[in-house]
Amino acid sequence: MTASAILAVDGLVAGYEPGVPIVRGVSIDVKQGEIVILLGPNGAGKSTLVRAIAGLVPVFAGSVRLAGHDITGVPAHRIVHQGMAFVPQTENVFTALTIEENLQLAGHILPASARARQTEAMYGLFPDLGRQRRLAAGRLSGGQRQMLAIARALMIQPKLLMLDEVSAGLSPKLVEAVFAKLVEIRRSGATILLVEQNARAALAVGDRAYVLAEGQNRHEGAAMALGNDPVVARLYLGGMAAARGRSANP
Amino acid sequence: MTLQFLADGLVMGAMTGLGAIGLTLTYSILRFANFTHGDLISWGAYLTLTLALLIGAVVPNGGSIGPFSFGWPVLAAGLIAMALTGLLALALDFLLFARLRRRGTAIIMVIASFGASLALRSLLEFLFTSEPTYFSREIQIAMPIGAGIHVTPDQLCSLGLTALLVSAMHLLLTRSHTGRAMRAVSENPALARIVGIDVAAVIRTTWLLGGALACAAGVMLGLTVQIRPYMGFDLLLPLFAAAILGGIGSVPGAVLGGLIVGLAESAGVQFIGANYRAAIAFLLLLLVLLIKPTGLFGVRA
Amino acid sequence: MLDLLGYGAFFLVTALSYAIICLGLNIQWGQTGLFNVGVAGFVAVGAYTSALLTTPAAAGRFGGFELPIAVGWIGAMLAAALCAGVVGAVTLRLRADYLAITTFGIAVGIQLVALNAQGLTGGPFGIAFIPRPFAALAETPLAFSLANLALVGGVTLLGFFALERLVRSPWGRVLRAIREDETAAAALGKNANLYRLQAFTLGGALMGLAGAVQAHFIGFIAPDNYVPALTFQVWAMLIVGGAGNNRGAILGAVVVWGLWSLTGFAMSVVFPPEQQARAAALQIVAIGVVLAVILLLRPRGILGEQKTVSRHIEAADISA
C-alpha cells in the first residue's frame, strides 16, 4: 500500500448471514486519481464487496481503510462523512423527490453555501438535470436516473466514488455517455471504483482492474493488458471470451 | 334540513386530519399500522388536563381567554403535553416496537400495537375512571355565521390551529432537511443510509412529531367534545380511513382524507342517524381499499 | 373440596370455550397467515344466532323459535361461516395490515349492529334466558359444571382431532405452502385465494361455535361481551400457547384464562367493590404487558411453532 492509496481493502470476509461468507478474503486497493474496475462472473461477490465497503453488508474479517482511516464496520450512514460515496445498482435515486431535492438531500452534510455551489456545479456537469431540476426523479428515463445517481454521489466531493454496475440496463450509446462522464469526473481529481459486467466498455476507461471469482481475487493488472489476455477473457469475462477466442484460434 | 352538518363535519374532519398526519407518517416511515395512535390522542388530552389543573392551581391566571373556553393554563399545558406525548410515543417504540422491528416481522408489530393500545387506554381508565370529563365547565354559545350554521369560538380556534399545524408540517416536509430525510426514509431506507441519513434519528423524529400532533388533536377534541379514555380509540377507524384515503405518506392527503371522513360522518348522522356513525368511516375505508388502495395522493405504489 | 372442583370445572369450561376460538384463529393465522383482528365479531355472530334460534319469544324482538340447543349451535357455525365467507371474499386479497384494519372494522360494525338493532338483537339489553345444556342439573352446581365440562371438552377434543387431521392432510399442506410462498403455490396450479377463503370460513365457523357455547353456558349475552378486548385475549392466548399449533391453541387458552382469572381474583382482593371497574381496567393493562413481554422474549410461545414462517417474509427492512 502506497501513501496515495485512497482505498485499501485487506483480506475482507463479508456476507449477509454469519457463516455464509460471499466475499472470502479479498484484497484490493485504489490509488488517488485512478479508475479501478472490478470484474468477474455472476455470483463472484463484486457487488457484495462494494456493499461491504460501503457499510451495507456485515464484515466478518479483514479491514477497509479509506485515505488511511480504518472504516471497517462503520455504519453506512457515517461512511459518507468519511468521504466515500456509493451508487447502488438499482433504486439509486429517490423517485418521490425532485432532482433538486435529491441533490440537496445528498449535500446535507455540507454547509449551505457549499451545498448551493455544489448543486450548481452538478447542473454544470449534467446540463440535462439542470434543465429539469424541479422534475420528480421518478419521471426521468433510465439514463437520466443514472446521471442523477452519479450527481447525487458527487455532491459531497467524495474522496472515493464507488459505482455498482452503473451501465446495467442502458443502451450502448448511454453506456458510452456514462463512462465518458466518469472520465470527465476523474479528470477533476476524483478516484473511482467501478463494478462492471460490461467488461469491454469498462476496461476501455479503466486504469487497473481486478478479476474476482467465487468471492476471491483471481487476477489483477492494467486494464488494457487484462482486456487483451485471452485466458482471462475465456475464463472470466463471458461473452468477450467467445469473440476473442474465435479470432485468436481460427 | 340545515347545513350545520357541514360545519360539524369540517371541525371534526380537521381534528381527524390532524391525528391522521401522525398516523400516515409513522405508517409510511415505520411501515406498520400503528393501532396505538388513537390512544396517543387520548393520552395527550389527559396529560393536558392534568397539567392544566396543576398549573392552574399553582399559578394565578385570569380565567378563559376572550371568547374561548380555555385559559393560559390549558395552552401552556397543551404545549408541554405535546412534548410529553411525543416522548410517550418514543418510549413505546424504544420498549416495544424497535425490538420487534429488529426481529423482522411487521405483522407481529401490529399485534403488539393492538395490545399496547388496549393497555394504554385501560391504564387511562384505571387512572381517571371512564367518566367523561372536560377542560372547563363553561358552556360555549354557538354563534350564527349564516346559512343556518352555528359554530362555537372553540371550534373556530380548533380549525385555525389545525390549519396552522398542517401548514407547519407541510413546510417542514418540503423545505427542511429533516422533512426531506423523512420522505427519503419513507421511500427507501437503504438508499437513505447510503446518502448519509441517520435512519434511527429520522424514526425518533417521526415518533415525536406523530405523538405531538396526536396530542394537539386530542386537546382540540377534548375542548370541542369531551375527554374520556376511549376518545382516541373511537377515532381509530376514521384515522385509518383518512390516512389510507389520502394516500399513506402524504400529509395533505391525510388532512384532505380527514375532512372527507368528517364530512361523510356528519352527513351520515344528519341523514341516517347517529347510531352507525362509526360504520361510515369503515365503509369509506373499505371502498378505498377495494377501488384504489394507494389513495388520493399515494406516494408509494 | 367440592367447591374447588366445581370452580375448577367452571373455569375449564370457560377456558375451553376460548380454546375453540383459538383453534379457529389458528387455522386463519397459524396455518394460513391471515391476520384477523375482528375475532370478536365472528364470536358475536355465532352467539347471537344461537341465542335467537333457541330462546323463547321476547317482546319487540325477532326470534322466539325455541329450537333445540344443538340446532342453535349448528346455526351459529353456519351463520359465522357465512359471515366469514362474505368478509373473506371481499377482503382476503388485501395485504396483511390492511386485512387487519378491515377485520377490525368489521368487528366494530358487528358490535354496532348488536348494540343498535334492538328489534333484532335486543340492543344494549342483550338476550337473556338462553337455554343451558343439562339445565335439569342446574340445582346441583357441581354436577351441572361437570356435565357441561364433559360437553364442552368433548366438542373441543372433536374439533382438535378434526383439525389435526386437516392440518396433516394435503389441504393443510397447501395452506402452509400458500402462507410461505404464494407464487410458488400458484405455479403448482393451486388457487391461493380459494384456499384462503376456505381456511378463513372454517376458522370463522369455529369462532361462531365458541360464541354459541359461551352464550349457552352463561345463559345471557350482551354487546359488551364482544369488544376488542376479547379479540386481544384470544390473540394473547394463541401467541402464548404457540401460534401455528393446535395444542398450543388449547394450552394458551387455559394458561391465559388462568392468568386472567388469577389477576381478576387479585384485583378483587386488593380493590374495594366500588373500585372494581377500575380494577378491571388494571387487569387489562397487566395482560397487555404480559403479552408484550412474551412477544419480546419468547415470540414462539410455550409450544412454539411446528414450522417457522420463513424469516424472509415481511422482514421490516428499516431495522438497523
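Which chain is which? They are A, B and C, in the order written, and residues in each are numbered from 1.
In this section, a residue touches a chain if its C-beta (ideal position, glycine included) is under 8 Å from a C-beta of that chain, and two chains touch if they have at least 3 such contacts.
Fair warning: this is a prediction, and the values are worked out from it, not measured in the lab.
Undergrad: Given which chains touch which, is the overall layout a line, a ring, a star, complete, or other?
TA: line
Undergrad: Which chain lies at the heart of the structure, taking centres as C-alpha averages?
TA: Nearest to the common C-alpha centre lies chain B.
Undergrad: Quick check for the class: compute each chain's Cα centroid; which one is farthest from the centroid of chain B?
TA: Relative to chain B, the chain whose C-alpha centre sits farthest away is A.
Undergrad: Distance between chain A and chain B based on Cα centroids, please, to the nearest Å.
TA: It comes to 44 Å between the two C-alpha centres.
Undergrad: Between chain B and chain C, what is the gap in Å from one C-alpha centre to the other?
TA: For chain B versus chain C, the centre distance works out to 31 Å.
Undergrad: Taking the mean of the CA coordinates per chain, how far is chain A from chain C in Å?
TA: 55
Undergrad: Which parts of chain B, given as residue numbers and ranges, touch two or more other chains?
TA: Residues 190, 199.
Undergrad: Can you check the complex and tell me which residues of chain B touch chain A?
TA: 177, 180-181, 183-184, 186-188, 190-199, 299-300
Undergrad: Write out the stretch or stretches of chain C touching chain B in their complex.
TA: Answer in residue numbers: 35, 37, 90-91, 94, 96-98, 100-102, 104-106, 108-109, 112, 115-116, 228-229, 231-232, 235-236, 239, 277-279, 281-285, 287-289, 291-292, 295-296, 299, 309, 311, 314-320.
Undergrad: Which residues of chain B touch chain C once you look at their complex with the stated criterion?
TA: Of all residues in chain B, those touching chain C are 29-33, 35, 95-96, 99-112, 114-116, 118-119, 122-123, 125-126, 129-130, 185, 189-190, 199-200, 203, 236-237, 240, 244, 275-276, 278-279, 281-282, 285-286, 289-290, 293.
Undergrad: Taking the touch rule as given, give the residues of chain A at its contact with chain B in the complex, in rising order.
TA: 54-56, 75-81, 86, 88, 91-97, 101, 104-106, 108-109, 152, 156
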